[in-house]
């Protein structure tokens, strides 16, 4: 449509090196704010896409599921989504799609339980009877929290789970509406700096360590029709992922993706940026969801991914 | 109104609706898009969600007591407060241009601000739970009532104003006997708008966070878990709720506006 | 002049109250920044190269949505207000559609219309049709019957009747509906941008630069912008109302 | 020209009310018929039926032989509730010109007709005022001017001179007779003034109290050139006037207003 | 009782209009004064000033010696635009009772006053109807009943009988005189009917055309017991009536309605 209404965030010059044989060169992809969008932005910035003969336009979405309809109606070719939503959609047959790029794995400080310093919460058992936020029912936050509680023999049902969105958790903690909450970056750092809340409990550790959280997915039909384009996209993302792991490069684009100021950005805990899709990693997510997220379907993760081509 | 006319009205009312549902079924069935299940699919999802309870509960599932009733409570509370605050304030402001001057900029600011953006503020000011949700409902539902009442209150005919003054009608007689009845049709237009807005905001308030039950919460959960027929079932429930609420309000309106020549024909 | 002065006083009182409440610590400054901070941020918005296209997109979409709603709702309202059986036949559908929360429909509409501005415009127009429609229907019912009889006796042709009698009669109350719609469509617009993304706009700006960074000052600066635009359009509608239908005692001030 | 046959009208609603019952009469073209009858008897209802504004529950109205179903062309009405029948957003001239705009008349023609009609009723000076800036009598004259400006074939007037002073009333009566004869209009005029009914009318229809039926149909045998002073002094006038008065009084027998509510 | 001194009123606005100029007169308690004058001369304006509904631009109105600034207590008004002065959401009885509710009257008393007033004007049968279900004359009678029900010390009536038939008019005239004398009310009544002004009034004030000033202040020397037939036949009545008519006609000289717009 009209550019004043939609804006135009098309980047990347057309000077591709080899676009021979690609079924489709102009791509539109849905990305997310924060660290899950960093690699795409870096790929745009450093021309990794054009090196593969691709011309990529990225659109910002508020969440992975919000991009699914756009994926389904062909507007988006690839979209970043969290895997919990992805596998749920697969299980419900809402989406016939596969993971093509694993974008983001959680580090042990990427997703933590935060609380006020004097809350007395130090271990999982301290959460019993407390009001703890999990962003949304069935989210990765809930799954990981339940897993952690289970690992420490605490009955998750004895914790009063609340759904307060990530951005609102610091305020809810400060005003005493919550005792603790599963929080991610940049809110962890933000909450530490402005409201004095602290990380008190790790949930991406032990059995859940380095769990993968988000990736690019594409529809089966698209993958079938455009195998070379998919491969090119995957290849382009490899150096991008590597670059994202470099804090200095990450800081070049992160402020473009969120409103965090430079000071906060330099303090952020950085996630892990894998360079290939791993069936084992994805299967871990499925298993966690089956155990703690109410997923009843038996899914074989390797069926829902396209392996990263060897460069 | 005689029986024949009544039947005709009834038929007119529902024929169009039934046709609408029929077309929907056809289109949705042939489209076979997971986001648009056909009405039959929605119906079976609804049965599964709400009527899977034990016989001792009249087959109603827990959704009734856990989600629907709490939502209704918050909806009614928000709407009632909006009406109780909005109508008197509207009458007062409608009759006093000066008071209106003082508050008008803030009013527009307030009503242009999406409640979704103010969640943190509401969280802090009202806490997690019903209070915040009621405030959210109030935040949106009060404006149609207030603005329409102001409009209605201003519309008192010059000759009637003079009549009331000449007969030294008391203050309460003036307000309840002249200004309110004049404003009443417009107030009802406002109430009906506010009611559907209140339902929308009830849903919105529950999906903004902090809720652990309610229609909106279940709706957004179903959406988040891609249980799309269930999501549609909840959406249809919201519609149904709006329809029934409106029916009740229309009945009240018919009584209150029985005198009005323009609304005479509205009996159905 | 005096009116403007009173409005200013009202506004200043409100700002001072807000500042005092925050300074006294009734509300934490991190969640509710004081107006002094917010206004500085607000002033800074316009030098932000990313904000300007966002604002343009939102305001433009707003006008389109509102225009769409009005062009649909006014004729429909006049029609439904004057033809009883049509009103009766359509009322179940109208009443079932009306309470649908735009926010819950976002994915469905994206699927149909795509994630561009069309979606938010459609949702905003959908939500803002109702106030105009209802106020128009009610205004039709309130036209003095003697006046209607007069027009009939004068055999005024339908189109002329519409433009010279019906529209002037319903205009004040319909415009109140438009002013309600103006705020509702703005709210839906910004909420859609905020909750779904996929397009640019003030809501998206607030999401990216405020919420995703936990910056309430930015969020409120965006809110001030939204409120200000809303206020200006409201004023424009009001003065249009006063100019064109000044004979009517009615017609809002809020 | 106009034929009313077996006309009855009952207002529906909770308090249903039979307003007119079994009325039959006919009026030739170019006649001026005055209708008199007690307050609330159904005169306005009758005019509304003839104008096609409401559909009588029984009976028919024929104009030029055609049954009246909608509002017939070439008809003008002066409503009893004149103040509410003027458009508040139009000036006096605008109100008078309004119906002319629906015809295929040229602008200049419209203006001259408007000016002429306003001059007839003595409101040339008020043409740019709005109705709510006028006195009651002036408003009534605006609505008379509006009806006359369109030079209708059939003119229905419901107590058109009720709110003007005696002097103006005389002038308007003469004006009406003059205009009516010039354009050959047929006029049905409801009045409460017995003298007026005789002075103005070619015929006087006397109605019973509610529900209205015809008590008498008197032909006024006065010369068509009438004069406010001499005509009213003539024997025939005095006789007729007495007759109408007696009919009105008699018919209701020991009439007390309580009964005709 | 009532003193009007140097009263002038000019309506503001784009088309500013001097409606009343330098009017002075006084009325003793218990008198019935009729006001006649050409259409649009300023009679309604004068009544509005006396009722304290509008503030005269110049001059003063005193009631019982106190200057009128707001609406004085113990006053009732019958408006010329009766149909708009009735409240459509109240039934006939409700309309009549409405002002009584603002007094400290008991429920029973209110009811009996309402019933009595409705009976006076012959509308007992219509008490549960709504105003828009009534004929014009009936609406006017409701507004008369409303004014009488409050038994005002000062009653202002603006063409109160314009829309009722001759017979009812006579009865209402007699009713008014009776009620007025029983309660010792002071009445100011605007009328266009010269006969009525003489028959009803203790005095007749003749106003000039716009802007209104007093042309004559005639005392009616008729016995206070009046009768529709004998009084109207009396020499004094005929003489006075002629005088008023002449004054109205003369004053405007070759009066043509064009001029008094």
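Letters are used for the chains, namely A, B, C, D and E, taken in the order the chains are written, and counting of residues starts over at 1 for each.
Just so it is clear, contacts are C-beta pairs under 8 Å (C-beta built on N, C-alpha and C of every residue); 3 or more make two chains touch, one makes a residue touch a chain.
Keep in mind it's a predicted model, so treat the numbers as computed, not measured.
Asker: Out of curiosity, which chains are bumping into both chain B and chain D?
Answerer: Chains that touch both chain B and chain D, as defined above, are C, E.
Asker: Just to be sure I understand the contacts, which chains border both chain D and chain A?
Answerer: For chain A paired with chain D, the chains in contact with each are C, in label order.
Asker: Relative to chain D, which chain's C-alpha centre is the most remote?
Answerer: A
Asker: Any chance you could check whether A-C or A-B wins on number of contacting C-beta pairs?
Answerer: Top pair by contacting C-beta pairs is A-C.
Asker: Please report how many Å separate the Cα centroid of chain C from that of chain D, as a whole number.
Answerer: Taking the mean C-alpha position of each chain, the two centres sit 49 Å apart.
Asker: Distance between chain C and chain E based on Cα centroids, please, to the nearest Å.
Answerer: Computed value for the inter-centroid distance: 50 Å.
Asker: What is the distance in Å between the mean C-alpha positions of chain B and chain C?
Answerer: Each chain reduced to its C-alpha mean, chain B and chain C end up 18 Å apart.
Asker: Name the residues of chain C that each touch 2 or more other chains.
Answerer: Those would be 28, 31, 107-108, 111, 145, 194-195.
Asker: Which residues belonging to chain E are in contact with no fewer than two other chains?
Answerer: 81, 84, 132
Asker: On chain B, where are the residues touching two or more other chains?
Answerer: Correct list: 33, 35, 120, 123-124, 158, 220, 223, 260-261.
Asker: Going by the touch rule stated at the top, which chains touch which?
Answerer: A-B, A-C, B-C, B-E, C-D, D-E
Asker: Chain C touches which residues of chain A in the complex?
Answerer: Per the touch definition, chain A meets chain C at residues 1-2, 4-7, 9, 30, 33-34, 59-63, 65-70, 72-73, 75-76, 167, 170-171, 174-175, 186-187, 190-191, 194-195, 257-261, 264.
Asker: Can you tell me which positions in chain C touch chain D when the two form their complex?
Answerer: Going by the criterion above, the answer is residues 144, 146-147, 149-150, 152-157, 160, 164-165, 168, 245, 247-248.
Asker: Which residues, counting only chain C, touch chain B once they are in their complex?
Answerer: 2-3, 6-7, 9-11, 13-14, 27-28, 31-32, 84-85, 88-93, 95-105, 107-108, 111, 127, 130-131, 134-135, 137-138, 140-143, 145, 172-173, 176, 179-180, 182-184, 186-188, 190-191, 194-195, 203, 206, 216, 219, 222-224, 226-231, 234, 249-254
Asker: With touch defined as at the start, can you tell me which chain D residues reach chain C in the complex?
Answerer: 48, 51, 53, 71, 73, 75-77, 79, 81, 84-85, 87-89, 98-99, 101-102, 130
Asker: Could you pull out which chain B residues touch chain C in their complex?
Answerer: 9, 12-17, 20, 33, 35-36, 93, 97-98, 100-118, 120-121, 123-125, 140, 143-144, 146-148, 150-152, 154-156, 158, 185-186, 188-189, 192-193, 195-197, 199-200, 203-204, 207, 216, 219-220, 223, 231, 235, 238-243, 245-247, 260-263, 265, 268
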